[in-house]
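Below, chain A partners chain B and then partners chain C, in two separate complexes.
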Partner chain A sequence: MSKIIIRWLLTALPVLFGVSVITFVLSSLVPGNAARAILGINATQEQVDALNTELGFDEPLPVRYWTWLTGALHGDLGVSVVNGLPVTEQIGARIGITASLIVGAVIVAAVLGVAFGVTSALRGGWLGKAVDVVALIGMAIPGFWFALVLVTVFAVQLRWFPATGYIMPSESVTGWLQSLVLPLLALGIPSAAPVAKQTRDGMLTEMGKDYIKVLRARGVRERSVIFRHALRNAASPVLTVLGIVAVVLLGGTVLAETVFVIPGLGGLAVNATSSHDIPTIQGLAVVFTMIVMVVNLAIELTYALVNPKARA
Partner chain B sequence: MFPTLKSREASASTTTRPFLRPAFAATVGVAALALAACGSQADPEASADVSAAGGEMTQGGELVFAEQQAPPSLDPGTLDRAYTDFTMLAYDPLFYLTPQGEVEPRLAESWEFVGGENKELDVTLREGMTFSDGDPVTADAVVASLEYSRDAQGNHAHFLEDATFEATGDLTFAITVETPNPMLPKLLTQQYPIGQIISPQGLADPAALDLASDTHGAGPYVYVPEESVPGDHYVYEANPDYYDPEQQHWDSVEIRIFADKQAALNAATTDQIMMFKGDGSLAAQAQSSGLSVIANPGIMTGLFLIDRDGETVPALGDVRVRQAINYAIDRETVTTALLGEYGIPTFQTAIEGADGYSEANADLYAYDPDKARELLAEAGYADGFELPVMTAVFAGFEQMGEAIKGQLAEVGITVTTDVKTDIAAYSEGATDKSFGAFVGGYDANPIYQQGLDLFLPSSNFFNGFGTESEELNDLWLQAASADPATQADLDVQIEDYLLENAWFAPVAWAPVMYFATDSIGGVETSAGSPFASPLAWYPAS
Partner chain C sequence: MTTTASSRGFLRSLLSKPMSAASLIVLAIIVIATVFAGVLAPYEPDAQDLTAALQGPSSAHWLGTGELGRDVLSRMMYGGRVTLIAALIAGATFILAGVPAGMLAGYRGGRFDQVVLKTADLVFAVPVMIVLLVVLAIFPGNEFAAMAVFGLLGAPGLARVVRSATLGIRNELYVKAAVASGIRDRVIVLRHVLPRVSGTILVQASVFTAGAVLMETGLGFLGLGTQNASWGSLVAEASRNLGIHPWLLIPSGAIIITFIMSVNLLADGVRDTLAERYTPPAAKVRAPRGGAKANAGASATAEATPVAGGADNAGAARASAAADPHALLSVRSLTVTLPIDGVPTDIIRDVSFDIQPGEAMGLVGESGSGKTMTALSILGLLPAGGRITSGSVTVEGTDVATMNKAALRRLRGGRIGWISQDPISSLDPSFTVGWQVAEAVRSHRPMSRRAAWQHALTLLEKVKLPDVERVAKSYPHQLSGGMAQRVGIAAALAADPVLVIADEPTTALDVTVQADILALLRDLQADGLGVLLITHNWGVLADLCDRAAVMYAGQVVETADLRALVHGPEHPYTAALLACDPHQARPGAPLPALDGAVPPPPQWPQGCHFQSRCPFVKDDCRTGAIALADGSDSSRAVRCHHPLTRQEVTL
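Let's turn to the complex of A and B:
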């Protein structure tokens, strides 16, 4: 395990550094003048120039990057040029919400995907075909539309769950769970489709192998054959898919945050991009990269738990 | 029914960098006439047709409504009017614009133009008022606030650019302008943040008038940064020191940001919010969900042909081309398709029956594509030309741009649209000369204010290339200080000039649409006040 973590650190640090450099350079190439956007259309060029100086935008790129990097290493990602709020503070207030969405949706995708995949592999016949069809539909339906259908049916018509909003668990655990149900279903159900397909294929392969016959011949209970042996061996590719799902969901949260009006990182990223808020974009790029890296680490550690050979 | 939920987060620490002065562009101005007189001022035309919703007035509870875009700060001196709902709750203005388009007292108890030229406005403040931070509301304090707003270079600073302010007593002061300005009181109502007064403590560090700090106004509510999350929701509580508790209809107010209008409709349908702004595409669904639709067609939407000297699009420098564009648009069809029963076709900047409307040119640009082709051929563009046009995702501008694109294609003009997603980028596009024309909206304002906003060289936003016409300037200056009858005649001459020289290509009078539940009252608009003000809303039984 420690080897995995050390290897991960050796990879993560250069990747983070590279991403920060690339984002910084690309952000500087984006057309638009933040000082003009801040000061408005009546500001004189002198005022715009003065604010550019104050913001440090007239410094050479390497100097600006070094200033940002030294701040970032101390936990200071700068301040938004649009609303003047610290980037670290804005991200800190939202990262827990986005994490709830991603982790919750991955759990929904894993539970549904594995359940459908195993059932389909074992039962075969029309049920297997049905799972294939449902998985295909799950991958094809537009997420935005699916989210709106959920809202219309379960919030607007049936009034079972709130249509919008997010409640902090510190305020009400029940309210928090209720506010998350529809967003998690909207994100998790379409994500379950590839998991189900991968699980089904993996289980079919494993169940056809000789060791399964041997286990059965030894009189091992069928439940143990399926879940302790076949599913465990089929799990590695499923975990890979779940890792990809988690990374894709990082982008997918923008959709859920928009439809369900949830104050997460996705909405912050959209607003920052459209308003040339470079410090916020920069901070978010680093945080998103870190999330992806952490997901990768989690997948590798889970691999190691499931498959001892991967611990080497 | 599921109970109304609140979006809440624990507030983080609130230290911020104290220097930013965000400001964004104006897309629309205030509507209706302002008469040069003292006391309450009314526009009979404007108050004649009011759209409203709501039952019997009660008091207390929480007002929860939605806005589409989050404000970059809470500094009235620099903030665009697009965000004025966020500041008017905490910063009382000198004057108050009623939903009927009348100017009424607020911090100012009375006012009067003196000298007969609409150049000096004497104002008397109420006695015994204080700002929420404890500072007394005095003439000196108000003068300092107005001077700050004039100099802060926000998007409405041009209304005050030639104004000087002088305290003439503890509660009296004078506003003097070089150019006659009969509309001054209306420009200092809650509809423009520059009319919202900031306390001396607030002005001591204006960079701290941000989203992480307390507000420093004399309004009915105070902002609560600890309970707000910028970008998501903004919470206000009743100001215990407010001078007129009867105007505090609510115990608290929460403004939530809903970037997606369908999400806002869902929230209103399930009683999570009481009111939101939308467009015609939601009207039928909202009505079938039991919401009230409040709408007045008071926003002139269409194409603003700003490159009139042909700097970036040479064709637009030829008046025949601009006229051809006007002839080429089938306004009846576009208006019906986009706005249905809520829109009125127009090619004039003045609404029919109002100040400046030209009866003589009432049919000038009736749809005539053949005439358009003829004019294009005369101007040397028989094969058409390419016209880059900026539009935006908000206020229905994108759809209007697509409709205009289709209309102009019929006469050979190829429109390429660039759709902006936020107000800052839209503002920049209108003023940096990157587009010869853009799709926008502007209130049904009197000709005087149209001069300030639309066609004088100083009107940055709608005159981004700074086109100047000596004839137009002279007419406007004469009208500004003329007697009412002469002014009316001059205003029509100005409208005729704009029409004959095709400075714009308006398409329709469109409404600002409000969708309200039956738990809120006082959501009213009129041609004189097309934007509903949260100060007027009350709990309805």
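Let's turn to the complex of A and C:
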């Protein structure tokens, strides 16, 4: 357990450090600068210089990075240059929404992918081919386009769910669930394709192994042979795929939040990008990386739970 | 073979795959339509026709019109330029950064190799989308910069793939020879390594480029890319008009999906073609096993003492006879069919034998003679498509064919235990062995988990494992082969079966452990357990069994009491098999071996299955099926027109 966490930290800390340094170096290459972007082209050079000093942009890069890093370690990611709000506060208000989207979508992908994968491995034939074809198409479909198709069919045409918007669970739990259905399907279904493919391949491999034949020869119930034994042994690479899916989903939420007008981190990131809000986008980059790290840790721990050799 | 000739051959085998050829044509059409949009597109991308905004397909606008009456097809063709150039930039960066790094890491190894591997690990955890947004926040609207960064973020992954490919080639003999002869590294890499990894690079790069198209259209959709028409902005336009003109979604999505699917399919085709080129053709025929010529009976010099068959049971297992209702197991004229290359083929034909309570019976023969398949059909565990086409398997008076699924499950483990050949791989690696034995117990008796665990401990003691508390909590990989086999036996005994089938139970074990396991089986048999032992080893057979059936090519060719069989074989195959027993070998003389191999089921001849290897073959052996008939006395049976006499054997 502690070994896993130490190994995880050895990856997590360098990645976080690397992402923050890279964004800082990139922002030092800014053509023009943030102060000019904020004040507009009509501002005088004095005004721009004054704002630069105020924001600390005239300091050398290492100094600026050090200031930012000490702040970040105390939970202060700076202030938005567009609306003056603390970055940490803005992120805090929205992170729950994005996290629930990612967790929900990973669950949808896992449930659909495993169910489809197991069924097609056991039934074989056309169902197996169908999983291959769906996986092939799934990897080619742009997530945001699929989201729009869902909106068109289920919101605009059938009117089963709201097309856009997000309802806080504190307002109405059923409203919250309803507002999440389409985004979760839009994110989860394309992600289920690689999960299903891996599950199917893994199950086919496991079902051909000696111990399965022996379990059956012992009269162990078929349900147990399939789900308790074969699926558990096929699970490790499926978890790896789920980890990759979760990282890709983080990009997907940026698009999905735009399609469904959900006030999460993705929308904040898009706005910060188009309004040249460097401190906000830097803070978001770090927070997104942290989310990936947490997901990876969760995967590692589940992996150890499933695989006794990894635990030792 | 020159490079051009080999790449032409590559292209030809790639194009012979319909999917790859179709994908290549589709991609060519898309690329041509995009590159020559200026000539081919029916309208200018921004040409407006306000009277015809948001219309469906028509003869004037094949894919309809969008906002401001702009022609969708034309915007798609011009928009492809933005998207494809962006993807090209990503792909080029990916290759230019990833390939040299990977080749250097694989060729040189050392610290640089470590750095490349570590970077690939770390980059894997970077949320790519947000980094691209950072780039676009700093360089507004500069999609090409974003795509170059996208390529850089993917490059370590490519470097890792190229590295392992390079490493493999680096260790091949001809490359080592080139290095040893002092050829410069640069020349070796360009001449020997690069051509071999270029296919892998091509596959990786095209899949990555397809991903870049997805990413670019996403950025275009968010409105963060260029302001010109692009595939992504077409989707964005569709999203603004979902309520009034959903048609726009179809062409904008179709072009992206078609393009990416074609690239992925083509990459699959390239991968398959490469695999075919670098895999040597499989050896078609197994070389006949070498060794001394078969000389049936040459070393079977033991005195043939006729043994009086105890009961009538040995020879009783005739094809014509009915199942023995008092036997533990009675197999009658069993014929099993399995599809081989799609053709239903007999793999077991007319097999009969009985096992009485407490009796140990051996099933002996070479690999491929059908021993294991016979055992599996007793338990109803034939591979997919396999079925019993005639004959019967009767366990304690009940025909297995009449059993439903639930009854079959109770039969397996409940009445008949199974001990398998490879003890470690027949245990589930994810559970403790105690848990697995307890599971076997609970599968047949309603019992609490705690009680089942206690019972499992008792069973582990019964198979003479030391320190059962500790062993029960071990995982299979922590046990030795001998311990794992004892666990396997304990699990087989979990529900007090009356018969165990042991399929080569000692083959995978060390010699010293083999004797222990056989002793254990002998003790269990002494306590009244019936045993069906499958083996090719006469020593193991003699150690445990009272009687044996010899199998050859799907048939029982001889059954007899073991001593009678060993001392006076009547079927030439039995005699030949006995002659091959290495225990009979004389020091200094080559090990006796039987020439040729067991014919696989589709090649079974008319008449006697052993005819092609039999030194005594006559004309009448080649026609008509030969029945299992009484041997020299009623306790034995033999399937031969010309059974051996004692004189012939001792010759």
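Following the convention adopted for this analysis, the second predicted complex is superposed on the first by the 310 of 312 C-alpha atoms of A that agree within 3 Å, B and C clash if a C-alpha of one lies under 4 Å from a C-alpha of the other, contacts with A are read in each partner's own complex, and residues count from 1 in each chain.
Simple rule for what comes next: contacts are C-beta pairs under 8 Å (C-beta built on N, C-alpha and C of every residue); 3 or more make two chains touch, one makes a residue touch a chain.
Quick caveat, the model's predicted, so the values are computed rather than measured.
Novice: Can A:Val173 be said to touch chain B (first), chain C (second), both, or neither?
Specialist: neither
Novice: Quick one: is A:Ala140 in contact with chain B, with chain C, with both, or with neither? Answer first, second, both or neither.
Specialist: Only chain C; A:Ala140 stays clear of chain B.
Novice: A:Ser274 contacts which: chain B (first), chain C (second), both, neither?
Specialist: A:Ser274: touches chain B and chain C.
Novice: Thinking of the overlay built on chain A, is A:Thr289 touched by chain B (first), by chain C (second), by both, or by neither?
Specialist: second
Novice: For A:Ile107, decide between first (touching chain B), second (touching chain C), both and neither.
Specialist: neither
Novice: Is A:Leu305 touching the first partner chain B, the second partner chain C, both, or neither of them?
Specialist: The answer is neither, since A:Leu305 touches no partner chain.
Novice: If we overlay the two complexes on their shared chain A, which of chain B and chain C does A:Val259 touch? Say first, second, both or neither.
Specialist: both
Novice: If you stack the two complexes on chain A, which partner ends up touching A:Val21: first (chain B), second (chain C), both, or neither?
Specialist: A:Val21: touches no partner chain.
Novice: With both complexes overlaid on chain A, does A:Glu89 touch chain B (first), chain C (second), both or neither?
Specialist: The answer is first: A:Glu89 touches chain B but not chain C.
Novice: Please report the chain A residues shared by its interface with chain B and its interface with chain C.
Specialist: 148, 151-152, 156, 163, 258-259, 270, 274, 276.
Novice: Under the touch definition given earlier, write down the residues of chain B that touch chain A in their complex.
Specialist: Checking each residue of chain B against chain A gives 1-2, 5-13, 15-25, 70-73, 78, 80, 153-155, 157-158, 207, 210-212, 229-233, 256-260, 262-263, 266-267, 269-270, 272, 289, 421-422, 424-425, 427-428, 430-431, 460-461.
Novice: Spell out the residues on chain A that touch chain C in their complex, using ranges where they run on.
Specialist: 11-12, 14-15, 18-19, 22-23, 26-27, 29-31, 136-137, 139-145, 148-149, 151-152, 156-157, 163, 209-211, 213-222, 224, 229, 232-233, 247, 250-252, 254-255, 258-259, 269-270, 272-274, 276-278, 281-282, 284-285, 288-289, 291-293, 296, 306-309
Novice: In their complex, what parts of chain A are in touch with chain B?
Specialist: 32-33, 36-44, 47, 54, 79, 81-86, 89-90, 92-93, 97, 148, 151-152, 155-156, 159-168, 170-171, 175, 178-179, 258-263, 267-268, 270-271, 274-276
Novice: Going by the contact rule at the top, pick out the chain C residues touching chain A in the complex.
Specialist: 121-122, 124-131, 133-140, 210, 214-215, 217-218, 221-224, 235, 238-239, 242-243, 246, 249, 252-253, 256-257, 260-261, 264-265, 379, 381, 409-414, 417-418, 420, 422, 425-431, 439-440, 443-444, 475, 477, 488, 491-492, 494-495
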